[in-house]
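Naming follows writing order (A, B, C and D), and every chain is counted from residue 1.
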Amino acid sequence: MSDLRIAVLGVGMMGVFHVEALTKRIRGAKVTVISDFFDSKAQEVAAKIGARAVVDPIEAINDPEVDAVLIATPGKAHDEQVNACLNRGVPVLCEKPLTTDVGSAYRIVQKEAGLGRALIQVGFMRRFDPEYIALKKLITEGGLGNPLMLHCTHRNPAVPDFFNSEFAMRDSVVHEVDVARFLLAEELTSVQVLKGSATKSAPEGTSDPMLVVFETESGRIVTDEIYVRTGVAYEVRTEVVGERGSAMIGLDQNLQVKTTDGRWGGRLTPSFVERFGAAYDTELQRWVDAARAGTIDGPGAWDGYAAVAVCEAGAEAVRTGAKVTVSMQPRPGSAASATSDGSEPEPGITAPDLMGARP
Amino acid sequence: MSDLRIAVLGVGMMGVFHVEALTKRIRGAKVTVISDFFDSKAQEVAAKIGARAVVDPIEAINDPEVDAVLIATPGKAHDEQVNACLNRGVPVLCEKPLTTDVGSAYRIVQKEAGLGRALIQVGFMRRFDPEYIALKKLITEGGLGNPLMLHCTHRNPAVPDFFNSEFAMRDSVVHEVDVARFLLAEELTSVQVLKGSATKSAPEGTSDPMLVVFETESGRIVTDEIYVRTGVAYEVRTEVVGERGSAMIGLDQNLQVKTTDGRWGGRLTPSFVERFGAAYDTELQRWVDAARAGTIDGPGAWDGYAAVAVCEAGAEAVRTGAKVTVSMQPRPGSAASATSDGSEPEPGITAPDLMGARP
Amino acid sequence: MSDLRIAVLGVGMMGVFHVEALTKRIRGAKVTVISDFFDSKAQEVAAKIGARAVVDPIEAINDPEVDAVLIATPGKAHDEQVNACLNRGVPVLCEKPLTTDVGSAYRIVQKEAGLGRALIQVGFMRRFDPEYIALKKLITEGGLGNPLMLHCTHRNPAVPDFFNSEFAMRDSVVHEVDVARFLLAEELTSVQVLKGSATKSAPEGTSDPMLVVFETESGRIVTDEIYVRTGVAYEVRTEVVGERGSAMIGLDQNLQVKTTDGRWGGRLTPSFVERFGAAYDTELQRWVDAARAGTIDGPGAWDGYAAVAVCEAGAEAVRTGAKVTVSMQPRPGSAASATSDGSEPEPGITAPDLMGARP
Amino acid sequence: MSDLRIAVLGVGMMGVFHVEALTKRIRGAKVTVISDFFDSKAQEVAAKIGARAVVDPIEAINDPEVDAVLIATPGKAHDEQVNACLNRGVPVLCEKPLTTDVGSAYRIVQKEAGLGRALIQVGFMRRFDPEYIALKKLITEGGLGNPLMLHCTHRNPAVPDFFNSEFAMRDSVVHEVDVARFLLAEELTSVQVLKGSATKSAPEGTSDPMLVVFETESGRIVTDEIYVRTGVAYEVRTEVVGERGSAMIGLDQNLQVKTTDGRWGGRLTPSFVERFGAAYDTELQRWVDAARAGTIDGPGAWDGYAAVAVCEAGAEAVRTGAKVTVSMQPRPGSAASATSDGSEPEPGITAPDLMGARP
């Protein structure tokens, strides 16, 4: 099957992030058209990846070389653009929010329902995060009994000054709104905001942090501490408190569960697939990219030889019980210099910081 | 650039694992030829992905529709196959071991050196794992001072009976051999094996666990506890003990460092890129795959509408300080049923277990 | 100085708990008088420790052989008993609550103030817990900047049915009230209770869990999830969210801090005093108790000999680099049987459970 | 029963540490006689606690006012002093080592056996540490199956230069020798020392770190990494690897176990006794000490009143569902100043460091 030809609307930070993924890591996709409010930005990004820049986003949506649309424009532009996608009947991945007011959002829902076909996907990407998936699975399979409360924490190290209390609600809390709906599988019915002492980093009139309290259809309580100027790091934590145990994600230590046998802990990695599956993919992608350029990008023949030499000595040590000296030939010079040590981080992902292990 | 056309030799567990990645997740690659000792197995795998089965692996390597070769055959077959790749001058990713004896491995090193071009990559995939990369970076940047000792632990839940002490050395310890060389950037010069009490699960005559002790060129000590019938899980742990601190990976809790300020801990996730970068990729890949089939595979328009409705009420709650009821329209029926909740695990990766958060 | 002679009023669970400590572990104290609503219970406890049972608690307070009073009676009895202590001018340790209504509590405050001498101590024992002390110190020394929010979690595995929502407020939340006052060093000015879905284990009409939200004088928000029928364990967690970082205790992993350098972690045990100080005390107390009975209660001469034998061989191994066989004499029989292996838990403390390390 | 009258021999660091415990925290004991090689030091310590200084340690042992002896002199002095205790038939707690050579140690074992009475206890205090007790219990109850290997790590931040490789064996490794014997309940039969790269902080000729490998009677392997100039902290870690799981202590996170159900984790604190038992003891000891001085040392009447006031408002909030303002009377001035906030650390224990929660 030929690649999906995608128009990306809006190439600010998120748009560029998506263009890079679609160009370097995602299989079966091709960005053919770029559009942005600033046409020069669109042209710059398009030039890098061999796509076309189109000034009018609606024209981009209707381009005959476009099979699907990714919308990363500001929220105000979404209504018209999503509607244009529905009009043409092309799949669209729309960054949150769907639109900026309830009326237009509902009209889109109705319109899509009238088409009888799911065309619109909204960018709540936490549903694809392994920790949220594991937490959802734990709830669904009854591991916590009936979930009674949900505690969310959303902390950003810093945001610009225009990020006021209402903006925080629409831009950050919106993620927890979807997380709560996703995990509890019901709608939220009320919301209350408790504003306490604000950090000095917040502009006059902005409440930061805030405590947001939701109720759900069935009467569950969902709390969300939203604090976007912590100066610390990006911290997103979710705890589900159930009738038969509780579980927390976001501790930088994977999913941890407390159960009615009085234990806390997590599941050990069951096999190499879970532990090193991503490393295998990275290895393959980098090897494929290097092989297309006629070289390698990882441990080479010398590394293979050295391992054989040591393990051969090791096998003798197993048999004899003695200390065995490893004997190695000199390393030939020519190919060596081309041998990467594989220590560079995966392309397209920011280099892991000194002590951070998460890719 | 056209996709890299790959011949996969050997479609046992690892070969199939690689074929799946190359077909579903790796961009720029295409498996065109499959070969296996059991031709029917090769035909079965080839049929699924639209490739050709070729009986003779050397013929597969020399196939005009093959740009690169992935070798996942048993170690005994590697020597001839890798040499054939060198003869034809095609890039090859060879699963460990490079070959099964030192002499043939060194001849390959020499032959590649003679070509003056790095064609052979060996499948030590831990070098691509974020935790090992972070540990390497920490060492290289001097965060631990001079590394003095390296303690490795390699535990498997279970292995077949033919997995005897010598096999464990060649098949499992080989990974730690490469890890030690990768992290310490020097060769191993001696090896000693200490065999203690064996688990009852081990066959008569097999020492399991064993303690393997290496020395390096500069006199460092590397220990490796190898224990392949723990009945517990897949546990791979590495601790570097340096002159100015120590660090451990493999605790299922990311890289943890102990430093001379008397603290232990890790780096918090600095931004959404590190925390949710993989989730974004998964979201995009699944959306691309779904869009090519004319549908979506994630949160839909209704989810977008619900979030807008709640956040609009939330914004009012921010302004008024009161509890605000969320008002929502009825959900239209038709498109809803097509809306996935995004909770299925990524295709091609084993479903995460009840409490396991690692993908 | 002679021992403090103490009257213990009320020997239900808490009273007995205190009597045991005062008799076995606390230095400088002696329980001389016991009083309880059920006189037979008082007599039983008194008989065990060589104290006198006194029917009337006020008479017990005024007993000439009483220097201080420990009140562990039900809250309703506290007003009269504390006043009697003030009347006589004896120090009193009163389990919470001080009294059951604000008016009587304030009259006691005034009366003590009139005496010009602090006689009343209230049993908020968390102020003596090392984790709370460390958290208080961290706040006081400015390690978190201005504390903005405080999140408390108080979970019990099970409680009797009379433990309704109001009882939970007065008996459990009261601890978090003191914790908040202790940590933030200011008064609480308002309280709100959010009741959500209740666990099926709660009787009809009882809201369990509840979310209690306090405001403080300076406008800080304090949340407390109170959930007393979790079926899991005793979980008490406190997180302080400050302007320059956050810190959490109660994770069963000691105090963990997140700081503006983007790190999480804790302080490593700086010396043997912190790591093994309590073990030394336990060793001494058990040895003293055993020595008074003419025996030992810990590792004996044989253990000392065996260690010398091994370390002497070890010293030779250090010098020679070779494997040295340890040579040991036969173990004499007679004294051996009296040698405890020291594995019994400290008297007076419930045996640690299979996997629990906290004493 | 009257207090045990103890002679403490040697008041260097450990001796003073024990004198303080015996004087302030241990019930039923009284230090009556102090002896030290430096008589002025003995006189200084004795003066502080109302004991007598005696120049000759043997005379101190035979003093009629001595019921038991605590030996904290250098190892060279132990042989004569322990023998004197046996001669007089008094119980003795002897800091490790029992003596400095195998012959004298064994003669003591024989002599005590001849008495038919256990008089000698050796100061291996780890047997009294809750984590070691929990680990021992886990092994004894079969939770790990047959223990196959034991990995110990003993790291000190710094030691004086006289602390050479052999000294490390006799002074530090000796603890792991006892730990191995305690946990595995069998003797060690051989020892081997592997010396690798040494830290620059070690004097010429001193191997630091070293890897010490023991074998046990039944053929188990015990490893001990001994590294006494890490510059980091006091780190003592022990991992038992068994046939049915493994467990580690010393992670500053309590006992953690990995089991054949593929889980890692720990036991949650089952009740307030385990969580706050030590806090209760501290509260009581400090209150007793304060009461003997006619005052309090913890939360006072005002704290009790404030809690009642808040909880009374809280109870109303439970009933009404509304936000209830807390109304409080003014705080009377006089007694307030005497009210400690209880935040000072336990007397006799070094103040917990900024981020450390262990007492």
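One rule holds in what follows: a residue touches a chain if its C-beta (ideal position, glycine included) is under 8 Å from a C-beta of that chain, and two chains touch if they have at least 3 such contacts.
These numbers were taken from a predicted model, which means no experiment stands behind them.
Interface comparison, B-D versus A-B: the higher count of C-beta contacts falls to A-B. Put simply, the chain farthest from chain B by mean CA position is C. Taking each chain's centre as the mean of its C-alpha atoms, chain A lies 47 Å from chain D.
Per-chain Cα centroids separate chain B from chain D by 44 Å. Per-chain CA centroids place chain A at a distance of 19 Å from chain B.
Shown for chain C are the residues in touch with two or more other chains, namely 157, 195, 232-233, 235, 252, 258, 262-268, 270, 353, 355. If touching chains are joined by edges, the resulting network of the protein chains shown connects every chain directly with every other. Looking at the complex, you find that chain B touches chain C at residues 256, 258, 262-268, 270. Against chain D, the residues of chain B that register as touching in their complex are 146, 148-149, 151, 155, 157, 194-201, 209, 211, 213, 215, 218-221, 223, 225, 227, 230-233, 235, 241, 243-246, 252, 258-260, 262-264, 353, 355.
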